[in-house]
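First chain A sits with chain B, and in the next complex the same chain sits with chain C.
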Partner chain A sequence: MAVPPGVSEADFRQALARFARVVGDAWVFTSDEDIALYSDAYTPLWSEDEEKTASAALAPDSAEQVQELVRIANEYRIPLYPVSTGRNLGYGGAAPVLSGSVVLDLKRMNRILEVSERNAYALVEPGVSYFDLYRYVQERGLKLWIDCPDPGWGSVIGNALDHGVGYTMNPYRDHFDAHCGMEVVLGSGELVRTGMGALPGSATWQHFKYGYGPYLDGMFSQSNFGIVTKMGIWLMPEPEAYIDGTVQVFGHDDIIPLVDHMNYVMNTGLQNAGTNLQSPLRFAVTRDPDLRQALASDDPADTQRLNAFARANDTPFYTNIFKFYGPEDVVRAQWEHTKRRLSSIPGARFQEGAFYRFPLTEEQKRGVRDPQDLGIPTLETFSIGARSNFAPATRGHLGFSPVIPMSGEAVIESQRVFQRVLQQFETDVALLVFPQSYHPRTLVILCMFYVMPDVAHNQAVRSTFRRLVEVAAEHGWGEYRTHTAFMDDCARAYAFNDNALLRLHERIKDAVDPNGVLSAGRYGIWPRHLRQGGV
Partner chain B sequence: MASRRRFLQIGATAGAWPLVARAAQAAGLDTVGGPHTPLLAVVYDARLAASVSFGRRAEALGLRAHAIEGDMTRLWYDEVYHRWQERPAALAGLTAHGPMFCFVELARDVRMRLVFRAEHQPTAGAALTHAFRAPVSMLSDAVDACRRPGSFGVAMADVVSRCPSGRAEIAEATMPGGPALPEADALYTWVIAPAVPA
Partner chain C sequence: MRLRVLVGGVPVTLAVVAVSMMASGLAAQQGTAGAQIADRATLERGEAVYDQWCAACHDPGPRHPGTQALEALYEGSKPAALEERRDLLPAVTEAFVRTGVSVMAPFRKTEISDEELAALAAYLAPRP
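Our next item is the complex of A and B:
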């Protein structure tokens, strides 16, 4: 049988028997077929020794069971790896960072504990998916929206804790920012509530984030300091209307004033949603090696050639879709004002986009172009991208996603820098996607890698990815979220003062999880016994 | 070294075995442990000729058939999601990779798994290769069906309608050659069912 590292088979069998007494025999999984379900569907380590695998899985259905499982794990030093719905595809899925860990499958903890229409929030357990919460709201006719990622099948808690994002407006689209209050099982098995939840009988746990004293919620995101068993999430009251419109600009350097205007309208609240920046020109020159090379060049002559191409072909260099949510008269006025501001960019053009008045009928929902912009979860991406027949013979994708400043200069520089790195590797393993504002006040570059059932291909992916991490760090750009295969690489990049932040993380880890039983290695945080020189 | 033989108990899920059996009986379906696993429905893609053939044959066999056009979200949310919340029930399809992948992932939530998978892959020269991973009883039927002239979609509908119930050995086979597909990309025939390792 597969056994966790550092644990004898005899101890593991005893531990499994005790786990079974907590959750029931039916919810302890040790067969190869069951463990295979806790794999990474998008692994870049396919068929290699380093491919991440579990030794067993447990499925508790309450925080009390989680506490007891953690206590048993401490006795036997069993590494646990909690997953909510296990659909963090592109970031490691349900597979543990430390192979041989026991996966703690929290999908059975799928209760929606409270939804307040009046104060626009929900309190959920980790197994609640975006589809679950959407269904709850729709079935009861509540005038509330969720904000969901794309695809929309993941966990509300899991996605927020990994700093995931969505597509409606602030603060809801930054899922961790939209959370309010947590309940957490620590590495000792102790149960803690954060924020106002620490006040027994609190009337404001999902209203006021900070509580009293240090605000600790962030330490349970992208970490392994505790298992979140409940979380509050703020929901958006259904707006009266939605309108969007596109601006097109035609010069290489027009990205600079374009992003400056975007900053203004977003930071003043005039337009409080994300971006949909694109470069039609970049797409148009994909098959022209000469012009593609020009995109990576900082020679003014190459810039002039690209500008000439844009004019000759009436192809915008850049576009952005501005989205507005609110009363109809307000959103129409906001779009009109945005157009007046952007008219200061010479040659700028505008296209009117979609307009919706809410609530939508079921038929109208079916016709929506981008349902996630309206808080409607969808799985359509699987019919058009990786894991569809559009990208045959792939096993999915993963993304390199560093944060860059929200400026046109940063957009231009980052595109050139990463294009040059990809050209150096002379591989066709990645696609550079235009930067978007995933979180307020920043842009994120996305370099998409396709993973394959091909060891050599995946090794090239990993080499390229690691080089991109290094190059990004050299330019002051750090990853916002990453696949388990690269968590140590990305953690090392945050090296200020001789990796002082990582050392702080390790001290916290040693304090709240001294036996290191929770998610060893997640985001580069290893328990003491597994750090360099450990077991 | 010989490969380890693998077995599934089809028609059972963790913690749900009694519920599945009683529910199937109440619905008038073949009871679990009977010859075949009852299918909730089949899924076909109305844009793909072989898939349409599959769906039509399934309807002729008395099965419910749902059409998609690449995106399975509406079928999932409007139909399957609610049914699986009440009780897990087997689902079959002949689709592109994406819908199969989605249903397999979602089925994990209710402890169901892929018990039959056939990849119908176009190869150079417009021939097809069929690769199967299936209960042994379905495997021979599937290989024979793909050898016969005519639409393999029709044949696959017959095959999935006879997914066994009970303890089944899972095996693999590849059948090179076969009539070409009008589509350029691979198609997949699949059955998802309540099952536990046996």
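Our next item is the complex of A and C:
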């Protein structure tokens, strides 16, 4: 049988028997077939010795059961790895960072405990997916929207804790920012409620984030300090209408005023949604190796050649879709004002986009260009890497996603820098997606890698990824979130003052989870007994 | 470890083996027998499982990645949408759900239980 590292087979058998008394035999998974379901389907370590695997899985049904399991794990020093829906594909899925950990599968804890239409929030358990919450709201005809990431089957809690993002307005699209109040099982098994939840019988747990005293919720995101068993999430009241429109600009340097205007409209609330920034020119030159090379160059002559191509082919160098939510007369006025501002960019053109009044009919929903912009969850994103008429099937994908400042200069520099790295590797393993704003004041680059049932290909993915992390750090850019295979690499990049922040994380880890039983290695935080002389 | 077998020296998932089983008829007897005894309640349950877990990728029409992938694979020789298929023997459905294929990750028993999977397989199976 598979046994967790540092645990004897006899102890493990005893622990499994104790676990079974808590959750029932049916919810302790130990057969090879069942454990295989806790592999990372999109692993870049496919079939290599380092591929992350579990030794068993447990599926509790309540916070009380989670507490019991954590206490037993402490007795036997069993490493646990909680997952909520286990669908964090591209970021490690349901597989533990430390091979041999016992996965704590929280999918059965799938209750929607409360939804308030008046104050626009929900209180949910970790197994609740975006599809679940959407169905709940729709079936009851509530005038509320969820904000969902690309795949709708992810956990509302898990996605927020991993700093996942969506596509409607602030603050809803930053899912951690939209949470309000948590219930957490600590590494000791103790149950804590954060914010106003610490007040017995609190009337405002999902209304007021801070409670009294230090605000600790951030400790439980991208970490391994506790298991979140309940969380509040703010929902968006259904707006009256939605409108969007596209601006096209045609010069290489037009990205600078374009992004400045995006900053202004976003930070003044005139346009309070994410971006949809694209570079049609980059697509247009994909099949021209010479011009593609020019994208990585800072030689003014290359920039002029690209500008000439854009003009000659009437191909915009950049476009952005501006999105507005609110009363019809207001959103129309916001778009008109945005157009007036952007008209200061010479040659800028505008295209009217979609307009909707809510609620939508089912038929209207099926025709929406970007359903997530309207809080409608789908699985469309999995067409990425699926077999198609123009590409073979892959085995999944993952992304390198550093944060850059929201400025045109940073866009230009980052595109050149990452394009050079990719060309250096002389490989097409990665696809550089144009940066998007998922948070105010920053853009996120997405460098997409396909993983394949091909060890050499996946090794090239890993070495390219690691080089990108290093190069990004040299420019002051760091990852906002990463796949489990790269958590140590990305953590090492946050190295200010001899990795003082990571050392602080380690001290907190030792305090709240002294036996180090929770999610060893997640986000680069290892328990004391698995640290090798610190960072 | 993920369930794998070696076919001609090439590692493949069990799901691919299931296709071979289907083609060679090895799964036929067991599969059709399962479908024949499915009662209405089982089929309704199977449809509910399909709606919850499969429809978002495998319903007909564009914007469904599973349907897109099967269109490209079969090039019209079989329906691309799962509910329109008449050849999905239960063992095949069960193998794909538990092992996944391409970008479709397998489904755990906390998502689709063995009983729900049997109902789903009966719902998608050829009916007498």
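Annotations
Assume the second predicted complex is superposed on the first by the 522 of 535 C-alpha atoms of A that agree within 3 Å, B and C clash if a C-alpha of one lies under 4 Å from a C-alpha of the other, contacts with A are read in each partner's own complex, and residues count from 1 in each chain.
As a convention for this text, contacts are C-beta pairs under 8 Å (C-beta built on N, C-alpha and C of every residue); 3 or more make two chains touch, one makes a residue touch a chain.
On a predicted model such as this, the values are computed, not experimentally measured, just so you know.
Steric overlap between chain B and chain C is present once the structures are superposed on chain A. Looking at the shared chain after the overlay, A:Glu64 reaches neither chain B nor chain C. When both complexes are overlaid on chain A, the residue A:Ser383 reaches chain B and chain C alike.
When the shared chain is aligned, chain B comes close enough to touch A:Ser31, but chain C does not.
In the superposition on chain A, A:Gly86 contacts both chain B and chain C.
Of the two partner chains, chain C is the only one that A:Ser47 touches; chain B does not reach it.
Legend: residue contacts after superposition of the two complexes on their common chain; A:Lys107 is shown touching both chain B and chain C. Within the superposed three-chain model, A:Ser39 lies in touch with chain C and out of touch with chain B [touch as defined at top]. Judged by the touch definition given at the top, the superposed model places A:Glu470 against neither chain B nor chain C.
After superposition on the shared chain, chain A has more residues touched by C, the comparison being chain B against chain C. Chain A residues in contact with chain B (one complex) as well as with chain C (other complex) are 27, 29, 32-34, 37, 41, 59, 85-87, 107, 131, 153, 366, 378-380, 382-384, 387-389. Put simply, chain A touches chain C in their complex at residues 27, 29, 32-34, 36-39, 41-42, 47, 51, 53, 57, 59, 85-87, 89, 93-94, 105, 107-108, 127, 131, 152-153, 366, 378-389, 393-397, 453. Chain A makes touch with chain B in their complex at residues 24, 26-27, 29, 31-34, 37, 41, 59, 85-87, 107, 131, 135, 153, 366, 377-380, 382-384, 387-389, 392. Touching chain A in their complex are the following residues of chain B: 6, 8, 14-15, 70-74, 76-77, 81, 96-99, 101-102, 105-106, 108-109, 113, 185-186, 196-197. Only residues 1-4, 11, 52, 56-57, 63-66, 68-73, 98-111 of chain C touch chain A when the two sit together in their complex.
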